[in-house]
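Working notes, beginning with the structure itself.
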Amino acid sequence: MTVSMLRRALPALAVMLLTAGPALADGPTVDKGDTAWMLISTILVLLMTIPGLALFYGGLVRSKNMLSVLMQVFYCVCVACVLWPLFGYSMTFTGDNAYFGGFSKVLLSGVTTESLAGTFSVGVAIPELVYVAFQMTFAAITVALIVGAFAERMKFAAVALFVPLWLIFIYFPIAHMVWYWAGPDAVAAAAQAVHDAVDETAKAAAQAKLDEVLADSGLIYQFGAIDFAGGTVVHINAGIAGFVSCLLVGRRIGYGRELMSPNSLAMTMIGGALLWVGWFGFNAGSNLESNAYAGLALMNTFVATAAAALAWMFVEWAVKGKASLLGIVTGAVAGLVAVTPAAGFAGPMGSIVLGVIAGVICFIFCSGVKNALGYDDALDVFGVHCIGGIVGAILTGILVDPSLGGAGIVDYTACDPDGVCKTAAYDMTTQVWAQTKAVLVSLGWSGFGSLVLLKLIDWTVGLRVTADKEREGLDLVDHGERAYNL
Amino acid sequence: MTVSMLRRALPALAVMLLTAGPALADGPTVDKGDTAWMLISTILVLLMTIPGLALFYGGLVRSKNMLSVLMQVFYCVCVACVLWPLFGYSMTFTGDNAYFGGFSKVLLSGVTTESLAGTFSVGVAIPELVYVAFQMTFAAITVALIVGAFAERMKFAAVALFVPLWLIFIYFPIAHMVWYWAGPDAVAAAAQAVHDAVDETAKAAAQAKLDEVLADSGLIYQFGAIDFAGGTVVHINAGIAGFVSCLLVGRRIGYGRELMSPNSLAMTMIGGALLWVGWFGFNAGSNLESNAYAGLALMNTFVATAAAALAWMFVEWAVKGKASLLGIVTGAVAGLVAVTPAAGFAGPMGSIVLGVIAGVICFIFCSGVKNALGYDDALDVFGVHCIGGIVGAILTGILVDPSLGGAGIVDYTACDPDGVCKTAAYDMTTQVWAQTKAVLVSLGWSGFGSLVLLKLIDWTVGLRVTADKEREGLDLVDHGERAYNL
Amino acid sequence: MTVSMLRRALPALAVMLLTAGPALADGPTVDKGDTAWMLISTILVLLMTIPGLALFYGGLVRSKNMLSVLMQVFYCVCVACVLWPLFGYSMTFTGDNAYFGGFSKVLLSGVTTESLAGTFSVGVAIPELVYVAFQMTFAAITVALIVGAFAERMKFAAVALFVPLWLIFIYFPIAHMVWYWAGPDAVAAAAQAVHDAVDETAKAAAQAKLDEVLADSGLIYQFGAIDFAGGTVVHINAGIAGFVSCLLVGRRIGYGRELMSPNSLAMTMIGGALLWVGWFGFNAGSNLESNAYAGLALMNTFVATAAAALAWMFVEWAVKGKASLLGIVTGAVAGLVAVTPAAGFAGPMGSIVLGVIAGVICFIFCSGVKNALGYDDALDVFGVHCIGGIVGAILTGILVDPSLGGAGIVDYTACDPDGVCKTAAYDMTTQVWAQTKAVLVSLGWSGFGSLVLLKLIDWTVGLRVTADKEREGLDLVDHGERAYNL
Amino acid sequence: MKIVTAIIKPFKLDEVRDALTGIGVHGLTVTEVKGYGRQKGHTEIYRGAEYAVSFLPKLKIEVAVPTSQVDKVIDAITGAAKTGQIGDGKIFVYSLDHAVRIRTGETDTDAL
Amino acid sequence: MKIVTAIIKPFKLDEVRDALTGIGVHGLTVTEVKGYGRQKGHTEIYRGAEYAVSFLPKLKIEVAVPTSQVDKVIDAITGAAKTGQIGDGKIFVYSLDHAVRIRTGETDTDAL
Amino acid sequence: MKIVTAIIKPFKLDEVRDALTGIGVHGLTVTEVKGYGRQKGHTEIYRGAEYAVSFLPKLKIEVAVPTSQVDKVIDAITGAAKTGQIGDGKIFVYSLDHAVRIRTGETDTDAL
């Protein structure tokens, strides 16, 4: 893999670099502006999950299940925030093999106020603790997304088991496969060493070292697939898990016959808006630096979302005769999902096009395909996150094209001693194929893995509440509470 | 116009400057702390609009129209976020004439991760993409503010047409008139050139150039009017448009006879609080830099708001016998509106006084004048935003006075080569007159322009739903949804 | 007190320092990244209070009292934001004696865009206006916390009086006692002077000066007690005041017999989530700098909260048979409270342990002890904030231990000329005793002081509404509004 | 005594109340109900799910009156609640055996 | 059989229920209603808009009982619901022709 | 004419409505109520506070029909609303003296 290096991944600690040009000679620099931006981005991703996602989902279920959804999302966050420092971070972001990480940073060993994590710029780092926290919030929201698919009928005991298991066996490995690499400083330094080598032997040794550094990365990363903020890891991953789970747990009683009115679309709108607000932390925060590329990701996250929202709205207006609030908000979320992998790669005009396409395709899936196939993906986790994620992943491979206004892909093996790197040559077929492989691996691992986990849970504690309890509602049955007493 | 230069406007790209002292010699500097602050300020203005403004408004209408308000605000945001990159930014922030901008940046042409936008400090810039996004959110919230005036009776089709038209014909021109100028670096460099000119001819040529640079700005800017964060562009502009629209669309059925109980004052309180939270992005973000002036704007936005809230509350308590939540929250919004133009100009003590005055005057308008005149400005867009905006605009001209603890006005024609500029001489009469002219031009353009647009829409798709539909509620009639199923 | 200096306190203006090493020689430096972080932290603390705390509390009362709670919290914020610049900041953060501050900064005199406030690093400062605003939000949330204890029965007129009085007589003094000190630059410079002194006389004089600098601090600060973000000042202080107030105002009619169903646990969940989100501004913002220690506080605030939430949830599930949403959210808040004093001192693993302990102890208090004793602390201000605060305060004294992964305590009397300081020697007994004394003084001052204030109010306007009014609900009776019209 | 019960359109409440006080009836009880009848409902669409909702919001008004007043009450309600469009509602009249005012213990017509 | 219907103040529900179970009545149905009568309402103010709200929240309790028990039921309700202040509410008694327990098909007094 | 009133479990509404339209009844009125009876309630726990809630959500359905149809209506409701478990509810039948359709002024069976 001599090909392009990607902007989105965990660089190893830059302090290991002692050779190389001025940008690297003294170790990486830490800018307080970057740290401030990453602190706030981390906080924004939490906001996006609770209350954001919780409300977006919660508002859509019947009032008797409102609290169960809020509870499940909240629980996901808490479990992720405990497992991550215990071993999740280590299992994701240390090197071992291409499929899963190691245990060298279990209990955050070695992660101190002194240790650093690289960014996507050579010689620029942020405090590792901030990086750990930022990535932790990604684990939290990803598993929480799945909840929407089996809402209103899964036992809380089953959810309580599923969440940690899914994180361990699905999320940590996939995140490792997509995001783990040696980091820009290591790659640039190794490439520089090749360049600096004085004779043949030295060159060969340096090249071997460079190849080793490049090989120290996850499977999907090695495909050369690009994913700015987690289209694959987060959305396709959670979306297919949701799909599998709604098939296994079965349809809600009355599905398709009874009106299952959202208990409060106002809550859903609050949630949708907070998703948008928080998503800037997700997308622009994934730049890891407070610079113009964060600005690009910010801009794209605005325009793709708005375009998708309007696309859904106008198509719905044309097809169904009315433009609904739920439609415009769902369209916005579809746009957010689709722009996630593209946020720092596409240009603003490309992002508008991406948004329109995602809005229309997700509309078709949620309104047409789902009804035709008859699966009960209660809150459209598959139709919005998996489909939107796939649309985004594939189109990112196209829209990154500099000739389409995209930002191109940085080639960290071609950096000058000041840390300024060249853009890799771009070939659409290669890139789209890499993207496709990434999509397929995610679908396969997460789809199959989730199936196994859910079957296991079904055989032990059981997945579903009884019909009587489902009628009474999970809030009273599982949690002993009622959402509203107005 | 040799007079004072203002802190609030878009500086042109600073890269064009090649002459001048050290601060400018190497082009402007970009600080990651500034970028971080502007990224987050942009996000805060979105938060302020959705869910903030949407909830503040939505909670106040009857439950049958709740979703229509949320939908309209959401729609405003989406339209603004698509039109702005397409041509809005260009129409606002490129030079052409004093009334409207040009088309040189249509489709964001030339706006890249390399391009910069100046701040209000000589030689300090931020990535232009961040500036574009920040300003985009201002367009979004301004048009969304109008929605409150015609709530509960305007057809969604009419709203759908009105929003883009109003942005194009009212907002972009007014924003151009108030905020467009050549920027501090251009002015300082041109003034420096006058100073450096060695002989009479050179001096005359340099002076001519300086005059040209100063003349390259919007009409209201040329008045010498100051407006830190958009009292004129945002609040007076939207407020008068709201007033005109509520007159044209007419009173709600039952207005003044039936109790139109707010469906959820809790939602209104959430919205009001998020307006406050987000308004810091609006006001302190308008400083464009993360420095002590942002701190001043932050502080003023706290104290003026609190003072106005308490003023409204205590006056209401005295006059009506009870202090209401809606009262304290509305007072807070009135304070936020009034401090918007003053945020970086007044001192904290001046801001407290400003808040008290705004709280009392807006109370009188919303409780007294409105009832006396009988217009149905459903959510008090006029009484709070237009009146509060006018109070703020005029008082800003007074409170900026350094002898009253104000910050004074920077004179960019009097900067030393390090980029440190003198404060312009202050004359209250001149300044208040400049402020007044700015108010009058905004009222005239927006009032008359909105009238024309609404008449056009009335003649084509019609403004208002039928009486039956108004009784059934816009949620079901226009959007096919109900807000609550509890 | 030659002992350790603490990270958490207001440093005096650093501009006064003219001697000392490079870090200090030219006055402190201001980094825009720090400023950006403190701006946003300030905003986050507001978000945490309104709508955060307001909703967390508001959702728990019966719907007839919903607005009264929102109103009281909003009112607290407004009063604090007016009193603080008028004289609160001066009374808290100027030197006078160990119990309360002075009046030299009344009306923010001398606080300008030029003045600076030190951080906890030698030679690093932020704009004083930003510091003033940040601290202002702490006063606001602290007094607002008390509201939960006397909810649903206290007259608004009594609340209106209590809030300013409590701030003046309880909060400002306690904040002064805990947080006021001369600042790192002053201490380091004085210690450097001792070191630099050439002869005995000079040394003695320098030592006397150093002692004077060290003595220029609040009572609890002098104990050597550490409190990163306000466990004592905020939570114990408010918690005991709440306890006293609920005893004085008496139980709600029907307490213990009637089901007082929360009007909307969804609102409570939104509030709880926003508390978590905003608490990062509170805890990580209390670091005053955007660096790895802010990252540590961020991380701890994630993990302790998650651990406490899960601890409460699983204990409740085991004991009561069901895991409730209110349980997991309350557990999270208990974790947030407990980690507040520890945020920048403990390590992440220590914080997980702290969270588990706090979750379990607060569960026992709210579910067991409260019922056993029969006091009606309506929203568990005592059980969560006072008890959680005490658990956190004491355990902070243990978890700061570097051998337990803690960060240790900085000794500002042992800094090198570059501003890098040594960690003080740690002795667990000493530290825990210092913490205990801090707890006791807070409990005593606030408990007794609140009693006196409430008695005074009872004798004048009266504390409680009549039984009839209590039955009708405070919303209609005190505010003339109803929360919901759905 | 009789109880006159009317199912009406919600926005007619104030007019009906005024008409009743106009003829000297000073007490009534109102319940929010959902009505199913000839009046067409509406369709609600939530993403893919589309449902025809046939229950419409109505108000039920109950007025206890001496038998002698029944016709006046019916006329008053009919006059105020009529829009002439489908869904205006119904009036049902029942016999009332007994009435008590809880506060005073007064019974029958004294209790109304 | 009779149906005893009582309009009461909402906070009296638990006491009334207890009084009824005290005399052996173990079934009842409760509806939230709004009452208009002599009891003064309150004023709501939303910014400029001020309205006198004359409908007050009440609960309607319905109990089906054998005719023989009617007086006992009335006494129990009156005793529990009375505060002595205006607005305590009314009791209305109707005749019931027929009753059925859906679960079992039992009818009339067996169904209660 | 009679009014048939049924207290049923909420999720049975659509089935009951369908059963009634099946026998030609095209109008009815539904009220959300809370029922107290033999069916056990649930416990709600809010932090330390634990309460047994004995009022359960039910729907009350009212159908005015000519006396001749009463039995058919009872059968239809019983058939549709029955689950065989405690809490299925009751049917109560009253006499209706008089009915009026507000829109047209039609009376009695014409009004139904």
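We just call them A, B, C, D, E and F in the order they show up, numbering each chain from 1.
Definition applied: a contact is a pair of C-beta atoms (placed from the backbone, for glycine too) under 8 Å apart; a residue touches a chain by one contact, two chains touch by 3 or more.
By chain, with names taken from UniProt: A, B, C = Ammonium transporter; D, E, F = Nitrogen regulatory protein P-II.
Predicted model only: the values in this text are computed from it and were never measured.
Participant: Which contact partners do chain B and chain D have in common?
Facilitator: Chains touching both chain B and chain D: A, E.
Participant: Quick one: which chains contact chain B and chain C both?
Facilitator: A, E
Participant: Treat each pair of touching chains as one step and give the shortest count from chain C to chain F.
Facilitator: Minimal hop count between chain C and chain F: 1.
Participant: Measuring from the mean C-alpha position of chain E to the mean C-alpha position of chain F, what distance in angstrom results?
Facilitator: Computed from C-alpha means, the inter-chain centre distance equals 18 Å.
Participant: From the mean C-alpha coordinate of chain A to that of chain F, what's the distance rounded to whole Å?
Facilitator: Centre separation, chain A to chain F: 50 Å.
Participant: Please compute the C-alpha centroid of chain B, do the same for chain F, then give the distance between them in whole Å.
Facilitator: 56
Participant: Residues of chain A that contact two or more other chains, please.
Facilitator: Residues 31-34, 36-37, 40, 261-262, 264, 270, 320, 322, 324, 326, 480-484, 486 of chain A each touch two or more of the other chains.
Participant: Two or more other chains touching the same residue: where does that happen in chain F?
Facilitator: 31-32, 44-46, 94-95
Participant: So with touch defined the way it is at the top, what topology do the chains form here? Options are line, ring, star, complete, other.
Facilitator: other
Participant: Can you name every pair of chains that touch?
Facilitator: All touching pairs, sorted by chain label, are A-B, A-C, A-D, A-F, B-C, B-D, B-E, C-E, C-F, D-E, D-F, E-F.
Participant: Would you tell me which residues of chain E are touching chain F in their complex?
Facilitator: It comes out as residues 3, 17, 26-32, 64, 94-103, 105, 111-112.
Participant: For a test of understanding, state which residues of chain D touch chain B in their complex under the given definition.
Facilitator: Touching chain B from chain D are residues 11, 14, 42-46.
Participant: Which part of chain A faces chain C closely enough to touch in the complex?
Facilitator: Chain A residues touching chain C: 30-37, 39-40, 42-43, 46-47, 50-51, 54-55, 58, 66-67, 70-71, 74-75, 77-82, 85-86, 107-108, 111-114, 127-130, 132-133, 136, 156, 160, 264, 267, 270, 478-486.
Participant: Over in the complex, which chain C residues touch chain A? Could you list them?
Facilitator: 31-34, 36-37, 40, 44, 62-63, 261-266, 269-270, 273-274, 276-277, 280-281, 284, 289-296, 298-299, 302-303, 305-307, 309-310, 313, 320-326, 328-329, 332, 347-349, 352, 407, 483-484, 486
Participant: Can you tell me which positions in chain C touch chain F when the two form their complex?
Facilitator: 60, 259-262, 320, 322, 324, 326-327, 330, 366-368, 370-371, 380
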